[in-house]
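Below you'll find the structures, each written out as structure tokens.
Both complexes shown next keep chain A, but they swap its partner, so chain B is in the first and chain C is in the second.
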Partner chain A sequence: MSKLLEVKDLRVSYHTYAGEVQSVRGVSFDLEEGEAIAIVGESGCGKSVTAKTIMGLIKEPGKIKEGSEIIYRGQDILKLSKKEMGQYRGKEAAIIFQDALAALNPTMRVGKQIMENILQHNKSMSKSEAFEEAVKMLEMVGIPDARQRAKQYPHEFSGGMRQRAMIAIAFACQPKLLIADEPTTALDVTIQAQIMRLIKDLQKKLNTSVILITHDLGVVANVAKRIVVMYSGKIVESGNSEDIFYHPKHPYTCALLNAVPRLDLENKQVLASIEGTPPDLLDPPKGCPFCTRCRYCMKICCEELPEMTQFGDGHQAACWLHHPMAADCERPKEMEVSK
Partner chain B sequence: MIKYTIRRFITMLFTLFIIATATFFLLAAVPGDALSARAERLPENIKENLYKKYGLDKPTMERYVITMKSMLHGDFGESITYEGQTVSSIIRDKGPVSARLGLQQMLLGVSVGLLLGVLAAIKKGTWIDYLVVTLAIVFISVPNLVFGLLLQKVFGGTLSWFPVIGWPQGDELWFGGWKYTVLPTLTGCFVYIATYARLLKTSMLDVINQDYVLTAESKGLTRGQVIRRHVIRNSFIPVMTQLPMSVAMCITGSFFVENIFSIPGLGLYYVNAVSGRDTSIVLGNTVIIAALYIIVIFITDILYTLVDPRIRIRGGKK
Partner chain C sequence: MSEAILEVKDLCKHFQVGKNKILKAVDHVSFTIREGETLGMVGESGCGKTTCGRTCIGLYDRTSGQVLYKGQDVHQLKGAEKTAFRKEVQMIFQDPYASLDPRMTVADIVAEGIDIHHLAKNRKEREEKIYHYLNLVGLNKEHANRFVHEFSGGQRQRIGIARALAVEPKFIVLDEPISALDVSIQAQIVNLLIKLQKEMGLTYLFVAHDLSMVKHISDRVAVMYLGNMVELTSSEDLYSKPMHPYTKALMSAIPIPDPKVEAEREKNCIHLEGEVTSPINPPEGCNFCTRCQNAMEICKNKKPELREVEPGHFVACHCFGEAK
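Entry: the complex of A and B
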């Protein structure tokens, strides 16, 4: 498999009146063709900004810092001209947003919104051909009466169908890369499962690479092969989903996993949560960003950023607990080293 | 749809009834009447006859019933100050003058305003944006009679390009005599420019930040395509609420502009009627103008459904 996308040292800041908010602070990961990865993290950790940057949708006051690179098939998309960007968006890469109702134009028929994408990248196609294509797309994402539905407006669709329509728009030109930015957050659980299955099926069928962005580890499990855990604009851990789920190497990942509600919880047991709030990105801490909320925080954590420690098979985590000198320190039980 | 129209029509009649009643009693409560100035110097018996002729000798309630009855039959009564003129004849004579002036002002003002609004929104934060905003503030805060006098001075006086006063009459009532209409139209259009430029700019900036604009961009559309196909239509919805008011306003005329340029329009006449206590004229005009407003609002409600598919009129079959 060859690399489709390489994100290298991505830094994005928003310049506000209060100062520079460093939303993404040096994120690097890569994605192979046909692969699905997940970026997981809580609100404000920079995952959506990363997604938008890959689509080239960062606008004022957001700014991508010098030295950041997003290499798509050997080309840095941050250096594309406007015209090349227009060909990249929609044709090569597509995005699905969280709230499909807000992400669909309320005054344009659904079919037309799909056609728009098709026509933009197939200049020779006639309108009626594009309409047929749009109907086909709606059928593919499992919308019944697609021909009728194509003539309706988004508000006439149910929540799940709107997200399906969004997916139809995204897949209209069979992109190589799909970014799903919290595609199921606004939906109820049964619909969530359907939408995730749909995305997974289409990914297999069309051999699309998927970046799934979510705060819900439960959603990720059977879609993504690899998981990237982000915290306050940085990657704290990444690796295969089995490694992340069964052998987490960062206290934050452990805490996230503990916070996933389970069916076998006792009746009145309080749901686990992570105490405290993420650091202020106007003035990020110089040490590990998680140190103030970490139960295993050491002195060094507040003073110096931990290096990435490699555990083989692409599994890596940035935590001082993996330093040889911290071998005897207390750590989450998932992270215990078997001796 | 038919049910809806009927319901709207009934509400409209009810509204008109309330407006007519309120206007009538307000006029009755104002000290003095149309004849008091004239009658002062007349002998007692002539005065009595005069009052009797116009029915002003009767008690208020009785006059109210008589007025409402005749209004039901479409008779709004005769002018007291201007012998022989009725409400319908006045509207027939003066209406078109005000309507042409108003429509010209509105068409010019709204189109320039919308254009500036789009420009300011697209070029947000540049000098164009600031220029438009400044112009809008100036246009909306300076009364149009100031602009009128300035334009008269510069283009009518110093440069002598256009006549200072007057209005095309007769055959040229609707088309023709353009040179007379230039200055009044300009004077009146500034308010529209300011209102619509600001309105459209605000609503466009609002729409530009919506998620569906991001979706449109993520399809690879150019900026122009995104603005044309996705932003403009959605940001026109608030403009549509403003438009009917402007249409009605332009037909009822603008007192200041008509006054400055001596245009024989409805606005000027209406104000004179109020100060002259010309009850039947004021009442008739008010009811007709109110009816006009209500009809225009009804038309807009239907236009809404064309712009925004989310609004569908209920009460019909579907």
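Entry: the complex of A and C
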């Protein structure tokens, strides 16, 4: 398989009246064709900003720093002209947002919103052909009576159907890359299951690469082959999903996994919460960003940034506990090294 | 067994949404909440769980039926009795951004109830109380004079909890208190709620759509569907042996943070097709019959009643009907 997307040392800052907010601070990952990866993290960790940068949607006061590269099929999309960007967006890469009602145009019929994308990228197509195509897309995402529905407005759709309509728009030009930014956060469990199944089916059928962005580890378990865990603008751990779930190597990942209540847990047991809040990105800490909330924090953690340690098979984590000098230090039980 | 603090008898709340259109948000629901317990209420959006919670404490007028709080009809209360009731019963809202006044300081928000119910004799006592409750929910003195926009979502939810606790309530309705928060912060708030319940002997009605959280915090769980209660039982029973087909489907839709278990779940999952039918003029028979895999002829014509199938386990489904 060949690489579809490579993100190299991405840095994005927002210049606000209070100073420079460093939302993304050196993120690198890659994506192969037809692969699904997930970016997991709390709100404010920079996962959505990363997604928007890949779509070329960063606006003032946001600024992508020098040295950042996003290579899509051998081309740096940060250097594309406005016209080339228009070609790339929608045709090559598409995004679906969390809040479908806010993302859809309330004054435009749903069918027309799908046609808009199709006509933009197929100049030779007539309007009636595009409408037929739009109806076909709506059928593909499982909307009943697609022909009638295409003539309705977004407010006449339910939450789950709006999300389906967004997926129809995103897939209208058969993009190679789909970014799903918290696609199910606003939905019920049952509808969430339906939408996740739909994204997974379409990914397989059309061989699309998917970047799934979420804060819910449960959602990603069976969708993404690889998982990237982000914290305060940095990647703290990445690896394939089995490694992340069964052999996490960063205290933050362990804590995230433990914070989700499991059905097999005893009732009213104290949940392993992560105390405190993420650091302020106006003035990011010098050392490991997780050090203030980490139960296993050492002196070095507050002073110097940990390097990525490799564990093979692409599994890597940035934590001082993996330094040879910290071999005897206390660590989460998931991270214990078997001797 | 402790005494019932809230008794809901055959409660209906209908909204008129147009000519000849009635939205039956809550339709003939009965249950009791015992002192010191947590009753979880789950269901998809639009199932009437929030309306039910709000009607129970008199924020909405009822259409028919009765809600008794310690033997008194909530909707008949007047004057001093009503004031006393409102001191004992509090609510915590879903959206910590919308439920706090942006133009008030945190101290004033927390003290609003204290002022209304004259719980502080003087300025000094008022201040002490404010600090006490902020402390209780994990905030500190310095936060008292700030405004709401300076806080994160989790902190705002803590302010909402402090405001509810400040009048020393007995019974709190929690309307999706954690669904707007991050996973790590959710655990913090749930731990706080459980701790406060133990310390202050509170009774909770916990309304949410997140089944795993509801299971964790509740003693008993009620499942709602389109304004009806379809199952009510202890939380262990509900998760170990759900009976109603809707409950089963809900259970199997919960994603599990474990790839192997998750792959297994996906195979055996009961896929619930379609969406909730409109609560405006709902079907004649069982509300769930349009999506139910076991739907029989009788389901289309007759509404099943909530009946006790096993001790303490109530189900409204024809599958568990006359035979028992």
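As a convention for this text, the second predicted complex is superposed on the first by the 336 of 339 C-alpha atoms of A that agree within 3 Å, B and C clash if a C-alpha of one lies under 4 Å from a C-alpha of the other, contacts with A are read in each partner's own complex, and residues count from 1 in each chain.
Heads up, the rule we're going with is that contacts are C-beta pairs under 8 Å (C-beta built on N, C-alpha and C of every residue); 3 or more make two chains touch, one makes a residue touch a chain.
Predicted model only: the values in this text are computed from it and were never measured.
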item: Greater residue coverage of chain A in the superposed arrangement, chain B or chain C; value: C
item: Which superposed partner A:L305 touches (first chain B, second chain C, both, neither); value: neither
item: Contacts of A:N222 with chain B and chain C, given as first, second, both or neither; value: second
item: Touching partner for A:I274 - first (chain B), second (chain C), both, neither; value: second
item: Which of chain B and chain C A:Y153 touches, first, second, both or neither; value: first
item: Touching partner for A:M55 - first (chain B), second (chain C), both, neither; value: first
item: Which of chain B and chain C A:I71 touches, first, second, both or neither; value: neither
item: Chain B versus chain C as contact partner of A:M125, first or second or both or neither; value: neither
item: Touched partner set for A:I191, first chain B, second chain C, both or neither; value: second
item: Contact set on chain B toward chain A in their complex; value: 210-212, 214-222, 225, 229-230, 233-234, 307-310
item: Footprint of chain C on chain A - complex, ascending; value: 42-43, 158-161, 188-194, 196-197, 215-219, 221-222, 241-242, 245, 255-257, 259-263, 265, 267-275, 277
item: List of chain A residues in touch with chain B within their complex; value: 52, 55, 57, 82, 85-91, 94-95, 97, 99, 102-108, 113, 116-117, 120-121, 153, 155, 166, 169
item: Touching residues on chain C, where the partner in the complex is chain A; value: 44-45, 152-155, 182-188, 190-191, 194, 209-213, 215-219, 235-236, 239, 249-250, 253-263, 265-266, 269, 271-273, 275
